[in-house]
Amino acid sequence: MSDQTVTVRFFARLREELGTDRETLPCEPGQTAGNLLEQLSSRGGAWAQLTGDQPVMIAVNQAMAKPATPVQPGDEVAFFPPVTGG
Amino acid sequence: MSDQTVTVRFFARLREELGTDRETLPCEPGQTAGNLLEQLSSRGGAWAQLTGDQPVMIAVNQAMAKPATPVQPGDEVAFFPPVTGG
Amino acid sequence: MEEVRIGEADFDPAAEYESLRDSGSGTGAIATFTGLVRDSGDLQGVTGLYLEHYPGMTEQVISDLIRQARERWDVRRVKVIHRVGTLRLSDQIVFVGVASAHRGDAFAVCQFLMDVLKTSAPFWKKELTESGEHWVAQKDSDLAVGGRWEG
Amino acid sequence: MEEVRIGEADFDPAAEYESLRDSGSGTGAIATFTGLVRDSGDLQGVTGLYLEHYPGMTEQVISDLIRQARERWDVRRVKVIHRVGTLRLSDQIVFVGVASAHRGDAFAVCQFLMDVLKTSAPFWKKELTESGEHWVAQKDSDLAVGGRWEG
């Protein structure tokens, strides 16, 4: 992984509907988790749901995060539906 | 047991301090559990504690009762300290 | 399977769990509580407990508490075990296990039964220590906790 | 003994109980909760579940919840086990066990961990039925119950 990218991961319903469990995206300075979500959503199709009505949860480096959470090159960013364990 | 008596039982600290776990007492018409307590307490000595500062719990026929609970011949009346199981 | 068991014999929480688990495919939640003899009571240096009960009444009181629980919550299976006689440090004293469809009910019933058992079932505990023995006094905190289930 | 275990393997509540019981003579209370796959979910005719998780993050989140519990309550030993993969009706899904000096703490921690695990640990449940499969939606009731531990 280059220093100038982030790994994006998808889980559960999102993983299935987007048809992928991870991809590598370029990471520009000043990036946030929310920017990444918008960028992915703009692809249209199933991707549009990332900024749709259904809530999307965010983790950065395996800790719960918010759209405003900053993202650095090398980070792991995950998007997933609300959790339903237990 | 005669039809005109009740069985009185004592448990735990009361059993030890009174030196007995049960006795048979005559049962007069209109008797209550509270009357029995007063009658026993009037013996003095360790018995006086039955109407003393420490709470005494009452059961009539193995159900929790109050001083005003009526007592019939043949009943089983129990006096004991607050419970401490579990 | 009887719901209430009082006696001197030790119990096996694993066997009780298996029985609770075997309560049909609608069971989604099993909550259990086990009480043990621990080494700090009203006195220092506790070496064990002596537990006395009122045979017959104890079983009736606990069965009635289980009946109350079934009226308030969804319960599939319940088991309450309480030992009497002389127990040593770390011995098991009491077991309450509840199988229910949902965890909220299982937790509530398990906690309700333990709380009200402490304030209304006729058991009395005597602490045994190296320097003597001592009947345990009822705790105000137990009364308060038991009281929160009223009404 | 590790406190958190996530994996496909089944677990043995009896072994976990013995480990919790073996936490010193100050342990007076052991509360456990086990969740099972039950036959009525969002859809009728559920035959099983598929459980997905976020490896690594799950363990970190649960360890952090245990740390929070230790700050709020007196806890002697805790164990949290959660299965993933395909499970069938009546299979065990989750185990939370807590050893404490007092029953209030044991119950509180057991219930806290189950409640917050449901709203913050990255697990996702898919219900498998005879007519297809279906990702389970988060329940408002779980969110409400999880929220009561805040602040």
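By letter and in written order, the chains are A, B, C and D; residue numbering begins at 1 in each of them.
Everything below uses one rule, namely that contacts are C-beta pairs under 8 Å (C-beta built on N, C-alpha and C of every residue); 3 or more make two chains touch, one makes a residue touch a chain.
Note that the structure is a prediction, hence the values are computed from the model and not measured.
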Which chain has its C-alpha centroid farthest away from the centroid of subunit D? B
Top contact pair of chains, counted by C-beta pairs? C-D
Taking the mean of the CA coordinates per chain, how far is subunit A from subunit D in Å? 26
How many angstrom lie between the CA centroids of subunit B and subunit D, rounded to a whole number? 49
Approximate Å spacing (C-alpha centroids) for the pair subunit C, subunit D: 23
At least two partner chains per residue is the criterion; list those residues in subunit A. 86
Residues of subunit D that contact two or more other chains, please. 35, 103, 114
I'd like to see which chains touch which, written out pair by pair. A-D, B-C, C-D
State the interface residues of subunit D toward subunit A in the complex, per the touch definition above. 35, 51-54, 56-57, 60-61, 82, 93-94, 114, 117-126, 135-138, 142
Residues on subunit A engaged by subunit D in the complex (per definition of touch): 9, 11-13, 15-16, 59, 62-64, 78, 80-86
Which stretch or stretches of subunit D touch subunit C in the complex? 13-14, 17, 21, 25-40, 89-90, 101, 103-104, 106-107, 110-111, 114, 145
